[in-house]
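Before I ask anything, let me first share the structure, which is written out below as structure tokens.
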Amino acid sequence: MSEGALPKEDAVLRVDDLQKSFGGLAATDHATFAVERGTITGLIGPNGAGKSTLFNLISGFYEPDGGTVEVNGTDVTGLEPYEVADHGLIRTFQTPRKLEGMTVREAMLVGPRNQPGESFVKLFATPGAVAESESTNLAEAERILEEFEIDHLAAQPATDISGGQMKLVELARAMLAEPEVLLLDEPVAGVNPTLAKKLKDQIRRLNEQGTTFLLIEHDMEFVMDLADPIVVLDQGSVLTEGTPEGVRSDDRVIDAYLGGGT
Amino acid sequence: MTVLGYLANGLVFSSIIVLGSIGLSLVYSIADFANFAHGDTMTVGAYAALVTFGAVGGLGGAVLGLPYGFFLALVVGIAVAAVVAVGTEKLVYEPLDIDSIGLLITSIGIAFIYRAVIQIRFGSDFTRYGIQPLRPIEALVPYGVRVTLHDVAIVGSAVVLVAGLHVLLQYTDLGRKMRAMADNPDLARVSGIRTKRVKLWTWVIGAGLAGAGGVFLGLFNQLSPRMGFNLLLVIFAAVILGGIGSVYGAMAGGFLIGMINQLTPFFSGVVDSLPIWPGWLNAALESLVSIEYANAIAFVIMVAVLLVRPNGIAGEGAT
Amino acid sequence: MSDDTTRPAGAADGTDGVDPVLSLSNVDSGYGEVQVLDDCSIRLDPGEIVCLVGPNGAGKSTVLKTAFGMLTPWTGTVEYHGRDIGGMAPEEIVREGIGYVPQTDNVFGSLTIDENLRMGGVARDGGLDEVIETLYDRFPIIDRKRTAKARTLSGGQRQVLAFARALVMEPDVLLIDEPSAGLAPNTADEVFEDVREVNDMDTAILMVEQNVTKGLGISDRGYVLDQGTVRFEGTPEELLNDEEVSQLYLGG
Amino acid sequence: LSTTDDGEDGSDGSDGSDGSDGSDGSDGEDGSDGEDGSDGGDAGPYEIGMVDSLTGSLSAFGERNQRGVELALQRVNDVGINGRELDLIVEDSESENQGGIAAAQKLVNQDGVPFLIGAVGSGVSLAIYESVVQDTDVVQLSQNSTGLDLTNFPGLLRMSPSGRSQSLALADIIADDGYDEVAITYVNNDYGQSLTDAFVNAWDGDIAYNNPHDQEQQSYSSVVSEMNSSGADAWLFITYQAEFATMVNEVYSSGYEAQFYGADSVSGDNVIENTPEGSMEGMKIVVPSAPVEEENYQAFADAFESEYGQQPTSWAAYAYDCVINAALAVQAADEFTGSALQDTVRRVSGPDGEEVTSFEAASQILADGGGPDDVDYQGVSGPIDFDENGDPVGFLQVLEVQDHDYEGIDFVEG
Amino acid sequence: MSLLSDPEAAIADLSRPEKWVLGVSAAFALFLLAALLTGALGPTYFLFLVGLAGMYALLSFGLNAQWGYTGLINFSVAAFFGIGAYGSALMTADSSPIAGGFNPLVGLVVALVLAFVLALLIGIPTLRLRADYLAIASLGLAEVVRLIVLNERWLTNGSAGVRGIPSFFEGWPVLSTFPETMPGLRLVVIPGSPILLETSFWRASLNVLLVLAFAGATFLVLRRAHQSPWGRVLRTIRSDEDLARALGKNTYSFKMQSFVLGSLIMALAGVFYTHLNLYVGPGDLDPITTFYAWVAVILGGSGSNRGALFGGIVIVTIREGTRFLNDVALPIDPAPLRLLLIGVVIVAVMRYRPQGILPPQRELIWPSAVDDAGSDPPASGVREQKGGGDDE
């Protein structure tokens, strides 16, 4: 069952024998794999295979029925999401989260972690530091929005944008958090191909700067181009793991996932 | 009084609460706001029945110690409450373009208006239906149960109404449409559900039941312009306890709250007789579990229940 | 702006003399005071599959919402079989024979799969059970979860359910917003296959897709929308082979 | 702009009937201001204020008050005061402190009334006194408050006698009837609490049950069943009519039997109308009253009956007397100011002077050149005669329910 | 409403609803001024109303910090208000059954500490759970607190209430005797209707001073806190708590901070109330206060500090202004009529208020950062800076 779990030298994220069931359904079934530092690891699998569930388990949103999650060598199993995030792991959501009553710009600025201005005391004790970090964050936010070609939306209410734009905001915000590991749940579903291409470059660039990615995506062109290795999940457990070419030509993967068309 | 007796009293009182809480819950889930005018809708029903009963009086024979005229008045009370609610929806709520908390505030205004109109028309003093109160049913007294035929009629009618609602929700499409609307009104329209119509039906049912609750409350106790409003907090507690937006939850919650409310003396008896060890704790408990804290006890129990069943007793409500 | 291989926007020159089933003519539309569509004209002929493509925020979803009465056109007309339906309420449009699958929030989370499908058929006169059984046969992915609440479905499963829900009415025209978003490649293929099949049963389909290759692949015609205006219109081959279009919009 | 030195030094003209002379000089100015403010020359009406429970939990009492007020205003304005009318500005307390204080603030500081009738609940009356009236020379006369605490505030007058005398009387009556054990339930507010405390002090026997109940509950069946379980045969109710009527009905339909006793506020036509025949038979209630057979009460009752089609309640009578007493105070005073009224309000109904039973008669004496001490207005609710604490001399009547109606069986002097 | 240096530009900069509100407010202020000058409105009474408005503004500030910022549904506004009122009253009043006679400042501190403890007691078990827990628990809490105050006579005097409360400035130098030492003034603006300013007027002015100090300080603190990353996290929680958690925010701690902050402000309103009315009773814990605080916050626009202030004023206008409508002689019973009017006004405001009366749609970004970054500041984001802070 864990045949894909090759020993990793420097795993930034390690999932070991993770289990989670809903009612009778084992959404995650003894899943074991590791994400090596510096990689862009793809996570693919049929609809309902348990990919998003796995994200929820890793990031602390679900409490696993069994197994462990390690981030940077620390056991984070059962921690609160914010504690997991403190260890440098940030995730995005498959269905974009709408921030009612906020502009896109504000919604972006929630991203950076440990802002001095998030402490009530510091607001009054060291307003200078707050202002400074706020300026930096603001500039950074505007820069990323520009790169994502949505800077014109900055002052728009975050709920009044198109479906694809929401996905972009979600991704851009996660980047602002400057995580060590970024878990992306279908970042380009619904994103225009031309823009998706640019995002690909973005991710690659961030990766070169040291961010590790774990990426769920059904757009084969996108994953196969970007990710190496690729983990294939089926019915809650790891079906196989390998290079894009290897996975692409694996019969079981073609059967369960890719289908004849690709 | 025996436990059985307290339970019987609780049953009667719960029947009224249940009628109120179902409507509140329905409106909450379909029209998407906590209707603070719901208690006063009960009052509207009660007074409409008062007028009708005054006009027709002890028409014909009697069932369960209640003249036929009373049942006619009950029907009119239900109808008037429904009509008033539908009118309010059409005139006030529908044209509004605000979120649910805005609707909530509006409903506070509506509640004031209902109450004021009733007070202008009927004065603020209390009154009763001109029906001779009954003595307890002799056969039950030896068991410590002291209920009258009227109480039986209240419970019976409530059961009939609740059963009718159950059939309506379960065996007609309306119930499903209501749930669909509660879930996602836009998608409901996209699916072809005529949401305005469903909403009107919701008001008819919810307010109708409230009207019935009001009439029974008048029979059980008395009528005054503040009667429904005074019950509102308890009804809210029942709805929350049952799981907001769940009709069956509201039934269960109403039942439980009504029971707890009537059982306080029993609880205090239990506390008195328990050998609670640190003396001060015993004393504190004895003074706290007493009749003046009846409502507080109901709330504490409600919170305790919720800690065990976080989504209300009915499980998941429509969120 | 346009070149030889593609016809310029709005030049709907009475394609083969057939009357369109659904047409938007010179429509302006938007949300509140924000204009999104700007003089937008789109037609759907009987039996066609038409694919709308374009950047995020171009107004593709807005076209569908305007056609389906979720938004009222500010100017211009929406015609269905030659009748103006602009501004008619969605619940009535469903009864006219148009179906719609929204892009987001497209299932009733607190209802079971079965109830979701039943809700899709509230405007039907009869034969509901049969249709639903057929749909279960066609989409085993949801057949397995009939009594599960829709909110527990995975993203892809939801998409399938939403599609099936719209089919319960056996509509004449189907508007679909990004049917393949979030679907596994094989499931996406199946859905496109289904779209084809539904189309074979004489349902005209207007579809928004970001998976341009596959989307255009099954379509008869395509429109490229940008900033609320139709920039290009043509057959899939024409659009895919056009350098500019492909570069700017199709990620080629 | 000019500086006035208004006589704060007249501290309170309330502790004696003669303590106001010192402040006359400066108040002359106030007097004319008051009139200017109330948009009238000499022909304009005298404006006084009233805080009443028109809405909220005591609104039924407010309604009863208003009937008495209306009748009294008719009486007064049929005759007139120095050729002018009396105008009563009524503000709603919503039966709450906050509302009551706001109402009084408006009346005193906005409308500038020198005479304030108010309020119903003892708590609200005191709240108004402490936060609005205390440091001014405005006269406050509460129409309905029977709470014992008011006695400690001599500046706060009231028309209804302190509940203490009722409590003492009740203790005597119950003991005389041969009971040595009693179950008490009282409404959980200042009124219920203080009357019960006084009763408990005066009562030598056992108390089997003594618990408060909240107002406006939809069911009191647990209360009555606990009273029943307590084993006492004498049950004392210190509560309001609506609550009491509910309890009687619940006692009746539970089949309990006991001898009932009650304080004044459980009596009323509405209780009789809304309880079954025989359910309260033999109940004894102590109510403050003027001796009922007296002609002025009869005249009042007849007028009330013909106006409203029902017997007056004591609350209507109190409010009636408040207005008449105020009107007489206004007529007897040299000027329309608080300090002048402080002086006359006690004297026109005080024991000195000729006993009269109507406004018309009293007004006549004053018009004929009589001073405030030449008149002793006898109210329809009693002889009034405020004592040094601002409480009236109460006459109590003992009522017994016979054939489902109240019959006076005895008088007790307060 | 001073719009500082450049009024014209500032006005031009306002959004439509803001102009509307500004216009109406200005007209209302003029009306009040005229009424005051002509003697139609008694100055002492007016100051009392201002005090009340300040009190409601404080309550709505408090609720706004909970509901408006974070989406915490608190149905026990009256309880925190009551705790503040009783806390101070029991420490200072001479009739207090437990302590009494302390300086009102001690009362203030005790009241705040009590509110703090109570907020923790209810927050700790409920804030970790689903959102409506707080709604339920607070609904119950309000009732429990009210009943305890009503029934525990050894602690609170029970239904008799606490009286003999000194004014807030009792024992302060100068201020404690200020009202008595001020001469009575007589202003004649319109001949024949002089305006009298006497002791009660000066006493009322002190109260207004106090409430302005309370509300002003609260406003400043809230404004800084709200327009900051802190406030932004709260708004994120309000909209989607999961998202905030995913981004590494300790939402439990943030919710607790917001809850405690709001509760303290409500208690502050209670402290003011105590020294305004000099009497507190169990009736002051009536849920109606919670009602009105909610109405104020919603009318003003949830999440907006200026809105909360505005809401407080509107409530007083609705509640006390309707008293004047009784002066119009009508053939019906005036009392329920006022209730009716309050109802109609509430409905009408909800119906006809221009969308987003003082909308909360302020960008929650540290103001100076917007300038520093040199990015084009969104019109709405900085506006609060320019005009908003100075609404009276």
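Labels A, B, C, D and E are assigned to the chains in the order they are written; within every chain, residues are numbered from 1.
Simple rule for what comes next: a residue touches a chain if its C-beta (ideal position, glycine included) is under 8 Å from a C-beta of that chain, and two chains touch if they have at least 3 such contacts.
Computed from a predicted structure; not experimentally measured.
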> If you check the contacts of chain C and chain D, which chains show up for both?
Replying inline: B
>> By mean C-alpha position, what chain is farthest away from chain C?
In response: D
> Counting C-beta pairs in contact, which comes out ahead: A-E or B-D?
Replying inline: A-E
>> Just the number, please: Cα centre separation of chain C and chain E in whole Å.
In response: 51
>> How many angstrom lie between the centres of chain B and chain C, each centre taken as the mean Cα position?
In response: 46
>> How many angstrom lie between the centres of chain A and chain D, each centre taken as the mean Cα position?
In response: 74
> Using CA atom averages as chain centres, what separation in Å is found between chain A and chain C?
Replying inline: 30
>> Touching at least two other chains at once: which residues of chain B meet that condition?
In response: 119, 124, 225, 292, 295
>> I need the residues of chain E touching at least two other chains; which ones are they?
In response: 150-151, 333, 335-336, 339
> Tell me, which residues of chain C touch at least two other chains?
Replying inline: none
> So which chains end up touching which?
Replying inline: A-C, A-E, B-C, B-D, B-E, D-E
>> For the complex, give me every residue of chain E touching chain B.
In response: 125, 129-130, 132-133, 135-137, 139-141, 143-144, 147, 150-151, 287, 291, 294-295, 298-299, 302, 332-333, 335-337, 339-340, 342-347, 350-351, 355
> Residues of chain B touching chain E in their complex?
Replying inline: 92, 95-98, 101-102, 104-106, 108-113, 115-117, 119-120, 124, 225, 233, 236-237, 240-241, 244, 292-293, 295-296, 299-300, 302-303, 306-307, 310-311
> Within the complex, which stretch of chain E touches chain D?
Replying inline: 39, 41-42, 44-45, 48, 52, 150-151, 158-161, 163-165, 180, 183-188, 192-194, 196, 198-200, 203, 276-281, 283-284, 286, 288-289, 319-320, 323, 326, 333-336, 338-339
>> Under the definition above, what is the set of chain E residues touching chain A in their complex?
In response: 221, 224-225, 228-230, 232-233, 235-236, 238-240, 242-251, 257, 261, 303, 360-361, 363-366, 368-370, 372-373, 375, 378-381
> Any idea which chain D residues touch chain E in the complex?
Replying inline: 1-6, 8, 33, 36-37, 52, 54-55, 59, 62, 66, 90-92, 94, 96-98, 101-103, 105-106, 108-112, 123-124, 126-127, 130-131, 135-136, 147, 149, 188-190, 192-194, 212
